[in-house]
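You will see chain A twice below: alongside chain B first, and alongside chain C after that.
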Partner chain A sequence: MSSYDDSIRNISILITMIIGWFFVLEYFVKAPAINNFAGTISGISTCLLGTFTIVGVGNMTRHHVKNIMKQGKNWMPSIVLLVSCWVPLVIGLAFTRTNPTYAYLYSSLYLPTSQAFFGILSFYILSASYRTFKTRSLDSTVLLLAAIFVMMGNAPATSIIWSGFSPLGGWILDVCTAAGVRGISIGIAIGSVVTALRVLTGRERRHLAGRE
Partner chain B sequence: MIAFATGKEVMLVMSTIFIGILLYMMIVQGERKKKVYNIRRLPAMDAIEEVIGRGVEMNRPIYFCPGTGALNRLEATSTLAGLTLLSYIANMAVKMGCRIIVSVSKADVYALALEIVRTAFRLEGKEEEFVEEDIMFMPQQKSAAGMIQRENVAATFLMGAWWHEALVMIEAGATVGAMTVSGAAYTLGQLPWFVACSDYVLIGEEFYAASAYISRDPAETSLIAGQDYIKFICLGLIFLGSILATMGIPLLSNLFGGG
Partner chain C sequence: MSFDKLFNLDQKYLYLVLAIAVSIPMITPLGLPVVPGTYTKNTYNFISSLPEGSVFVLDAAQTAGYGPELETQYVAILKHLLSLDVKLVIVSFSAEGPMLVDMGFTGGIISGAPVDPADYGDVYGEDYVYLGYIPGEETAFFAFGLDCWMTHVDEYGTPLEDLPIMQYCKSAEDWYAIMSFAGGAHEQRIAQWNSVYGVPLLFGVPGVSAPRMYSYIATGQVESMLVSLIGAAEYEMLSGKIGLASALMDVLNLGQITIVLFIILGNIGYFIERRRGGK
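Here is the complex of A and B:
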C-alpha cells in the first residue's frame, strides 16, 4: 500500500478518535455549547452518509448497465431494476415526494412487492424449522422439546388437552431462556465496549482496509 | 456553564472503571509486558479456511455480507466487527484464488467494504483481477437471496447486525448447498436462527473477539482478558444484588436502576 493510502487512513483514524471521545464526553456533560456542537456534527455525518449513497447507487447502475450492454446473465431483470430505481428517483427529485405519480409508484408498486417479499419469510421459517428440529442429536432433541412446549403454551386451545402447557412454556421462556439471553447480553455489551475502545484508541484498522 | 448530566453518575463511574481496566490491560499487559493471553478455540474461525478451500475446489464463489446495520447507529460495533472479518476473509479468498461476492445495504458501509476488498487484491498483487461489480450495493439486503442462488455460491459468510433478512439469506444459501458461517451480536432475536441453521456460528462476544483471535496480538488478547475481568465484576454485582434483594435490601437494584 502506498504512503498516501496510509496517510489518508491515519487521518480517518485521528478524526474518528477525536469525534468519538468528544461524543463520549458529550454524553455525560450538560453544557448547551457542547451539546449543540454534537448536534451539528451529527447533522454533518447524516449529510455525509447521503453522499455515500451516490457511490452505492452509481456502482449498482454501472453494474446493471454493463450487464444490459453485453446481454449477460439475467440482463432483462437488470432493466427492471434500473427502471424501478431511477424512475421514482427522478420523479421524486423533480416533483418532490408529494407528486401523485411518485405516491402511486411508492404505495402501489414498492410497498406491495416489498411486503410480498417479506411474506416469503414464512416459508423460510418453515424450512428452517424443519431442518432445525430434525432430531439428530441430544441438543436438537432438547431444542425440539422446548419449542413444542413453548408453542403449545402459546396456543390457547392446548389448555384443553393439558393445563400445564401454558405455565411450562412460560417457565421455559422466563427462566431458561432469560438466563441464557442475559448471559449473552452481558457478553455482547462488554464486547461492544471493547470494540469501541479499539476504534477510539486507533488500534482497530481493519475496517479501514488497514493492517495492525 | 458545564455540569454533569443528572442520572448518569453511576454509569459514569462504572464506565470509568471498565475503561480503566481495559486501558490498563491493553497498555501495561499488552503493549509493555507483551503478554499474550490464551483465547479458547473458536471453531467458526478455524473453519473459515476450510470453507473458502471448498469454494476453490468446487470452482464456486463465496458470499460475504457485513449485516444490515449502519455505522452511525447502536449496531455500529457489530458492523465494524463484520468489516474486520471481511478484511480477513477477503485476504484469504484472494490468496487462495476464490472469487468473493459482497453485498452491502448501507452506503457508508459499502464504501468501506469496497476499499477492504480492493486492498486485499492489491496486497496480493492481483489488482487487475478485482471486479468492482462483485461488491454490490443492495439497499434491500434480503434481495441478496436471489443472487446467492443465481451465483450458486459455495459458502455464505453472514457477519454483522441482522434483522429478519438473516433467515432469508441463510435459507437461500441452504437451497444451493452452501455452507454458512455466521456471526451476530447486536440483534439477539436472530441468534436462534443462526445457531440452528448455520454450519458454524460466532455468538455474541465471540464475534467481537474474532479480531484478537486472528491477530494474536498481545494488546488485543489483553483486551479480551480485560473483558473477562469486567465480566467477573458484573457477575459479582449480580450475585451480591440477588442476595441483597432476597434479604429485602434493594440497594444495588436501586443504584443501577433495576427498580
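Here is the complex of A and C:
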C-alpha cells in the first residue's frame, strides 16, 4: 500500500474524528453557533447522501451493460433490471412524478407487484407452519402455544370463541417478547457505542479498507 | 381418505384452502368483530387530546410493500387529524412517500376512498402542508428537527415563506408530537426526535416490526403505536371514520384462523403418527 493511500486514509480518519467529536459536543452543549453549524453539516450530509444515489445507479448500470454486452450470466434479467430502473427514472426526471405514465407505472405495476410478493409469503407461512410447527419437544411446544395465542390474539374474530386470546396474546408480546427484544437491543446498543468509540478515537479503519 | 393423507396434505391443497378462505370475505363481507386494543386506544386518546392549534408532524414514510398496513394506518390518522383543529405538517423520509401521500388524497387500491381535506374545512398552506421527500435517513431526521425549512419549498414548489402554516413550524421545538409510518429505522427516529429533541413520538408499524417497539413504549420513549392492518381498522372504528382497513379485516381474520387450524391439524397428525410408532 502506497504512502499516498495511507495519507488519504489518515485524512479521512481525521475528518471522521473531528466531525464525530463535534456532534458529541453538539448533543451536550446548547449554543446557537454550534447548533447552527451542526445543522449546516447535516444539510450537506443529506445532500451528499442524495448524490450518492447517482453513483449507485451509475455503478449498477455500468455493471449490467457490461454483462449484456458480454452476454454473461443472467444477461436477460440484466435487461429487465435496466429497463425497470431507467424507464421510470427518465420519465420522472423529464416530466416529474405527477406525469400520468409515471403514476401508472407506480400504481399499476410496481405497487401490485410489491404487494403480491408480500402476499405470497402467507402461502409459504401456511405450508411451512403446517409441516414443521410440531410439538416435538418441550421447547417447541412452548413456542407453538405462544405462536397460536399471538396469532389468535391478532385475529379479533377469535374473541367470539374465547375472549382471553387477545389479552393472552398481548401479554406474550408485552412481557415475553419485549424482554427478549430488550436484551437484543441493549446488546446492539453496547456494540454501537463500542464501534462509535473506535471511530471517534481513530481505531476503526475497516470502513476505509484499512488495517487495524 | 385415510388420516395419513389428511395430515400430510400436498402444499397445493393448502394454498387452495387459504386462497378460498381469504377470497370469501372479498366476495361477501362477513362483518367480523373488531375489538380496539390498548395501543390503538392510547394512540386515539393522545391524538384526540391534541391542543387546538398545535403542530403535529406526520412522517409519511410508507412503502409499497408495507402498503396495506401502513397506508391504511396513515389514511385513518390523516382523516382524524384533518377533523381536528391542529396544524398538520406532512413530510416523507422514504422515496415512495410522495406517491403514497398523493394516493391518500386521491384514493387508490391501498388507501381506499379519496380524502379531501376541504370536506373537513382544511385549507392547504394554512391547516396542512406537504413538504415532500427528504433523503438521508438518520441525518435527515436530525437536520429536519433542527430546521424544518431545510426544503425551502413544499412538494409542489411553493416557497415556504408563502405558506402561513410554516410560520408555526420552524424546528422540532415547535412540534407538539410526531407520528411516523415506517417499515424500518424506528430506533434512529427515536434516537433523534425523542432523545435529542424530546418530542413525543408515535408510530404506525407493520406487524413484523411491532415486537421491537414494545420495550420503547414501556420506557416512555414512544407514546404508543398502531400495529399492522388491525391497528388501522381499530383506529377507524374508534374515530368513526370507517375505511379500507375495516373492509380488509375479514380477510386478515380468516387468513390467520386458517393458518392456526392447519398448525393444529398438522400436530394432530403428528400425534397419531407417533402413537403408531412412526418417527
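Here, the second predicted complex is superposed on the first by the 145 of 212 C-alpha atoms of A that agree within 3 Å, B and C clash if a C-alpha of one lies under 4 Å from a C-alpha of the other, contacts with A are read in each partner's own complex, and residues count from 1 in each chain.
Note that in this section a residue touches a chain if its C-beta (ideal position, glycine included) is under 8 Å from a C-beta of that chain, and two chains touch if they have at least 3 such contacts.
Computed from a predicted structure; not experimentally measured.
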Under the stated touch criterion, which partner chain does A:206 make contact with: chain B (first), chain C (second), both, or neither?
first
Tell me the contact category for A:125 with respect to chain B and chain C: first, second, both or neither.
both
Examine A:198 and indicate which partner it touches, taking first as chain B and second as chain C; both and neither are also allowed.
first
Is A:137 in contact with chain B, with chain C, with both, or with neither (first, second, both, neither)?
neither
Classify the contacts of A:117 with the two partner chains as first (chain B alone), second (chain C alone), both, or neither.
both
Using the touch definition from the top, say if A:27 reaches chain B (first), chain C (second), both or neither.
both
Once chain A of both complexes is superposed, is A:53 in touch with chain B (first), chain C (second), both, or neither?
both
Touch test for A:157: chain B only (first), chain C only (second), both, or neither?
second
Applying the document's definition of touch, where does A:62 land relative to chain B and chain C: first, second, both, or neither?
first
Using the superposition on chain A as set up above, list the residues of chain A that contact both chain B and chain C.
27, 42, 45-46, 49-50, 53, 114, 117-118, 125, 127, 131, 181, 185
What residues on chain A touch chain C, complex-wise?
27, 35, 38-39, 42-43, 45-46, 49-50, 53, 97-98, 103, 106-107, 110-112, 114-115, 117-118, 122-123, 125-127, 129-131, 133-136, 144, 147-148, 151-152, 154-160, 166, 170, 173-174, 177-178, 181-182, 185
Interface residues, chain A side, partner chain B - complex
1, 5, 27-31, 34, 42, 45-46, 48-50, 52-57, 59-60, 62-63, 66, 73-74, 114, 117-118, 120-121, 124-125, 127-128, 131-132, 143, 181, 184-188, 190-199, 201, 203-204, 206-209, 212
Given the complex with chain A, which residues does chain C contribute to the contact?
9, 11, 14-15, 18-19, 22, 32-35, 37-38, 63-68, 98-99, 102-103, 108-110, 134-137, 139-140, 142-143, 146-147, 150, 187, 196, 207, 210-212, 214-215, 218, 228, 230, 249-250, 252-260, 262-267, 270-271
Residue numbers on chain B that touch chain A, as the complex places them
1-6, 8, 11-12, 18-19, 22-23, 26, 70, 72, 77-78, 80-81, 83-84, 87-88, 104, 107-108, 110-112, 114-116, 118-120, 122-123, 132-133, 135-140, 142-143, 150, 164, 167-168, 170-171, 174, 185-186, 188, 191, 193, 196-197, 203-205, 207-209, 211, 215, 217, 219-220, 223-224, 226-227, 230-231, 234
